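As written, the chains take the letters A, B, C, D and E, and residue 1 is the first residue of each chain.
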Amino acid sequence: MNTIVTPGQKLCKDTEYISSEGTYVHKGSIYSSVLGFSHTIKRNINTDNNNETTTTSSSGSSSSIPSEYNNSTSEDKRDYIVVLKEKEPGIVPEIGNVVTVQVLRINPRLASCAILCVGTKALKETFNGVIRVQDVRATEIDKVEIYKSFRPGDIVSAEVISLGDSRSYYLSTAKNELGVVFAQSVVGATMIPVSWNQMQCPKTKTKEYRKVAKMDIAGTDQDDDNDTENGHENEKEDNNNESDQE
Amino acid sequence: MKIDFRVTNPIATSIPLDYKIYKQQQEQQKQNEQQQTISVPVTTTSEPIKKRTNRSEEQFRQIFMKTGVVSQASGSAYIEIENTKVICSVHGPRASPKTELFESAKFSCELKFASFARPGERIDYMESAKEKDLSINLRQSIIGAIRLEKYPKTVIDVYVMVLNDDGGVLVAAITAASMALADAGVEMYDMVSACSSICIRNQSISNGSNGSGSGNGSSGAAPKVQSSILLDPTLQEEESKDSLGCVVVAKMPSLNEITQIIQTGELSYNNTIDGIDLCIDGCDKIYSIMKQNLISSLEKQVSKKLE
Amino acid sequence: MEAFQKVHPLEFYKKFLERSVRPDGRGLDCFRKINISTGSIMTTDGSSFVKIGNTSVIAGVKAEVALTPTQSDNSISSNNNNNNNKMFVNVEMGPICSNIFSSSKPSEKAMSLCSQLNSLVNRLEINDKELYFDDQGKYSWYLYIDLYCLDYNGNLMDACVLAIMSALKNVKLPKGIVVESSASEAPQLFKDTEQPMRSLNIGTYLIPQTFVLLNDYLLTDPSLEEEKLSSGTISITFNDRFEICTLLYTGITSISEKILEQCLEKTKKRSTEIINLIDNCCTTINNSNNNNNI
Amino acid sequence: MYVLDNNNNARRSSGGSGRSSTIIMLRINRCDQQQKREVERKKEIVAADSVGVGDMNTKIDQFVVPGDAIGQIDDLKVRIGPGLLQNKDQVVASKAGVLRFSKFHKFYWIENEQKRYVPQAEDMVIGIILEKHPESFKVDIGSSSPAMLSAYSFEGATKSNKPLLSIGNLVYCRVLVANKDMEPELVCVSIRNKAEGFGQLIGGYMFNCSLGLSHYLLSEDCSILKIVGTHIPYEIAVGVNGRVWVNSASNQNTIITTNTILNSQYMPDDQIESFIIKSLAASQPV
Amino acid sequence: MNDKRRACLFIQPCKGQTERDREKDVNDRQLENSSANAPLILDVVAFGLSIVGLCFVEFSRLFFIPTTIKEMSSTTTTTTTNIKRDDTRLSNQIRPIESEQALLNKADGSAKFSQGKSSVLAAVYGPIDVKTARKEKISKSVVDVSFTPATGNTTYFDKEREMLVRNAVESIILTLLHPRTQINVIVQVYSNDGSIISCAINACCLALLDAGIELNCLISSITLSFTHDNQIYLDPTQKEENNSKGLAVYAINSKSEIVMTKTTGIIGESLYFQGLNIAKQSCEKVSAYTRLAVRNRIMGDQTQPSTTTTNTNNTLVEESKDKEMKDSS
């Protein structure tokens, strides 16, 4: 079933499979909605580990299959059908995504920032996001001072909590693993986290207040991420090569 | 007021006319003067349509397509229908400066002609009414095919540039835009393909009327005009005075739904229906070319990656 | 990696440059492959398509006719220094070539590039007689060179100069005929399509080369990313006698004389290659209807 | 070569608008010998510049322009202020002006005639209310971004008892937080949480002056305010953001006070008194 | 009281000088060096007075740049020392420079700079809030230059000039000190008689100093024209620019580093570098002039004994006061 399909291509009847990512149902049939490879995913309610694709995934992005497929409790026996894109520029921050943002400016009520990456994928163009003062941390919300949590230029790991207002997404750092991951001190040195709310400049030894992200959880995540990233890096180069030869 | 900062020549220049035509007109004028006293003013008249030599009336010109031509865009496509050359890039889904729609993406299209795209005078850099018109038609044709609800709070922009216009600009633009959207990985219900056809007065009659220089005033309104329908007209055919009208059809062939029919000119009911039928067949053919192209481009990418 | 590049682009580049290599695999001195093809746009009097790596530019020349301005006309507007020009270059960097441009008005970049190219083109040593419409030179051809950037991945200056050069080499002008009708009316101008067209005789070649300074490294033929991060840009154009036609340095840091000399030297070295490129494209790809131009 | 003829040709004057401009006369000397001499003199000047490095004191009360090296930081207790920057262990000027030094604080700064105010913590400024929010005000203090003034930062203000200020009102306040990362924050209480003169400025007249003048008015050796006080009873609030507010019993007196302060820049102290008396006499109804 | 507050600027009492005195002064000077340049100066005075209501023009006489002609002559044969130009200048002479600072009341800093008949007004506003959020930079201030020609609309040529001036000026501003702000520089050309980019850059430097914006160092700029017979003319007029084979603009900071350079036309490589040397020397002079101009504005002339007249304008203040009081009440 590892075939290339184009948008609008009829894949199967909707009684055979459950329509999933990259597909839609129309008049009892499942159609592809993107250009890519069609896969079927065996449903297995018991364990996550048995969740395998029927084909050796050549696109290497099996991680993008949402986990919620396994949580469905219906008696349905059908497998899922998905179409995976080869190239994925159309990423948009969605609720629940962990995003990497850069703080642009701060005021006592909020820190406004630019969303640079969704997960590990860099966005082509940035989206606006806002971390409101009540979303900085989970405890002692009324004592939070934005000024002591973020500074312009900081790189922050945050979660999208809502689509927000007309200008920006609302983000939150109210989890241990979320917060400032990279910050520079006044003299321009990269600061080292010393506690959950302080970072130290290695040059001047001055301490500055930040809402620091707990790094050790992120560390293991990063390893996983690197694999997929490399895959994408290769793809990117391929694209370049190809277009060079045109 | 918009101020154009672009380079301008302080001296007004013009394009010289063809001496050949001038000579012909001079001769014709002499003949006319012999026949009647009223002199016909010297104007540029388009030549009568030459009969198609290299293809039949229901045949396409050669089509060439390629995706991924603009490295900076999310998706892009380039299409050549012989001498009609169109490039299209898609930006987005990207953040909109001010969101109006929360549930779905905003979709906008813009079509521009390069200043040298058409024969004759240069095209102004400012957006003309024609470009605006084509942009709207392009948007209308494609918007129904895109799953905009998948991309809330974002904008998808399609930009089309016509590099060389030799008829069928809208067809090329619609085809290029849907190819580019597919290339960008934007989720769609189906790709839109388009096709145009033209209805022209039959050669023998038009030649006769042309020769006498009069007597064709009521030909459009006449119920029975000898006419034939040509698929995929060139610019010369489109702008010829023998053309009665034009039909452009945009269609989602896989779902078998038509997204847009544009009919211009004075066409009889039968002619219109015939034109549409011809176009629908054409759309399916173009669709298969589009599909093939996309599949082979993806295959190429994958094989490169495996190497 | 991808995320790192996005978050700390400068650091990312530093890591590469320390090993004398660029993220796209080129060495610091390497330039991207240049492709030039001409004559693909039928509606022009001369056209060319230039691709430097991913950067691509299409140029079209349209020729129009007007009375040759007399000497007295020139003296009236001495302030306006483009009154004697017969060639007008316009650069369009629309949203088609990159997501950073909008269609509303020409970007500052396009305008300053346009200004540079105009002053460059009008110093091209093209004899006035070359542009005569009739034999006496009462009327002349005016050439409108329109450049459309189709893909903007850095180093547009070089692409534009090459596109102009090859498009001008591709220009074919018909023979002009002036028909004097009567004393009161202006004479009518015609082109003679039955006679063979002539091409322009351009006395010189332009050899462009652009460099950027990034973290004290000198990079040849910069990509867009490199241009964005750079602290200074050096654009050089030589003619085939190695005289400087353009030397432009702009940037937020200063530049040493030594680097300038280095850049000039590097540009010289590449001159024969570029001259060949321009010549080849004009001789070979004229006959075919070349479909596969992009 | 050129010579600056100090004695005759370089002079300054004041304009009617209160701004001043300079005349510089540079005279040519075509004599070759003199040219040589000038070259030598110039070299000396350059040499003097480089000698100055290392000892900041030689430069005190001297004119400097951006890029001039002021001296080495060998004494750790030296503090540098506006217009000076530390470049490794060197102090470099970043503004054109006169280098000043306070012996007491070991503090160096550059004095010039700047007009744009850059907020600093603990500065006393006069602000104009721009926007009203439920719990705060947006205030223009002449800095790059508007400052924030909390509605609770007034003496005795509570949730139910907020100050009644409207857009366009003047407030005399203290800069609490000034940081290049944030918009400045203002309060209308002193460190002891008392009003002590801060708060809304009612009536009177506010005018702008150069930052230099406003600093001078606040300094101890400023005699103008005292001299004016002997003739006209008045109230004054000086904001270091180049804004001065004056109020007195009558409009005439306010005007005279304003004019005296504005013109004091161009008058020696002994003339100020006569200026006031003259103005007072002129303002009397005939 | 904090000592910082004592940063007073007690300006030296002004020297009384009436309009007539000044005219007389000028005339005297003209008599003094009535050799060649008197008509030029007269022009300038008339112009200056018409533009600024109360104008104190700063005069400089010709700058002689001791160009090391010997160095040049090794490669170019035709270059000699005393080539007279159309306006009787030597090839290595700058036109008389004049400047005036703080002539605009609303601007944070302003300066007028003239080189001969080329005259430019520069105004600096800032650091202010960034108007368009797209331009804002997190770590530094945005420098925005707008270049307005003396007549007509802004053209693409002016846009290029704008870019050149911006690049030159941005290199000396310490933009890192005011993140997320904008510094606006407005360049208005009074009259263009060649070397306009150089004149604009020089004016901007003076205006930035007047505004008290933190700078690295000073910047000065000079234009050279290269004639068809390989002469190098310093500070060319419009006519000389039009008749030249090539033009080169150099902007050099006070550390003697090249910050911006731009050529048009055709220039031999060795000539260009010769020009660079000449430009470095002349830029040094221009910088020295700038320094002097600012010094005299800020310090006054301290050697001068003061004869004082006050120059007040009560009515003006009263009017504005009434207005203000109405507004506040």
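Simple rule for what comes next: a residue touches a chain if its C-beta (ideal position, glycine included) is under 8 Å from a C-beta of that chain, and two chains touch if they have at least 3 such contacts.
Just so we're clear, the structure is a prediction, and the values are computed from it rather than from any experiment.
Trainee: Averaging the CA atoms per chain, pick out the one whose centre lands closest to the mean of every protein CA shown.
Mentor: Most central by this criterion: C.
Trainee: Ranking chain pairs by contacts, what comes out on top?
Mentor: Going pair by pair, the biggest contact count turns up for D-E.
Trainee: Give the label of the chain whose average Cα location is farthest from that of chain B.
Mentor: In terms of C-alpha centroids, the chain at the greatest distance from chain B is D.
Trainee: Suppose each chain is reduced to the average of its Cα coordinates; what separation in Å results between chain A and chain C?
Mentor: Averaging C-alpha atoms per chain gives centres 42 Å apart.
Trainee: Which whole number of Å gives the spacing of the CA centres of chain C and chain D?
Mentor: It comes to 53 Å between the two C-alpha centres.
Trainee: Counting in whole Å, what is the centre-to-centre distance of chain D and chain E, each centre being its mean C-alpha position?
Mentor: 26
Trainee: Counting only residues that touch at least 2 other chains, which ones in chain A make the list?
Mentor: Answer for chain A, listing residues that touch two or more other chains: 102, 105, 124-125, 152, 240, 243, 246.
Trainee: On chain D, where are the residues touching two or more other chains?
Mentor: 181 - these are the residues of chain D that touch more than one other chain.
Trainee: Pull out every residue in chain C that's touching 2 or more other chains.
Mentor: Residues 54, 99, 106, 111, 114, 118, 294 of chain C each touch two or more of the other chains.
Trainee: Of all residues in chain D, which touch chain A in the complex?
Mentor: 148, 177, 179, 181-183, 185
Trainee: Can you check the complex and tell me which residues of chain A touch chain B?
Mentor: Chain A reaches chain B through residues 4, 6-10, 22, 24, 26, 31, 33-36, 58, 85-90, 92, 124-128, 163, 166-167, 169, 234-235, 238-243, 246.
Trainee: Using the touch rule from the top, collect the residues of chain C that touch chain B in their complex.
Mentor: For this pair, the touching residues of chain C are 40-44, 47, 54, 56, 58, 60-67, 69, 77, 80, 82-83, 85, 88-90, 92, 94-99, 103, 105-106, 111, 114, 118, 133, 142, 144, 146, 148, 150-153, 174, 176-177, 179, 188-194, 224, 289, 291-294.
Trainee: Within their complex, state which residues of chain B touch chain A.
Mentor: These residues of chain B touch chain A: 66, 68-69, 71, 74-75, 91-95, 98-100, 102, 145, 147, 151-154, 182-191, 252-255, 290-291, 294-295, 298-302, 304-305.
Trainee: Can you tell me which positions in chain E touch chain C when the two form their complex?
Mentor: 156-157, 159-160, 162-164, 167, 170-171, 192, 238-239, 241-242, 246, 248, 253, 255, 257-269, 272-273, 276
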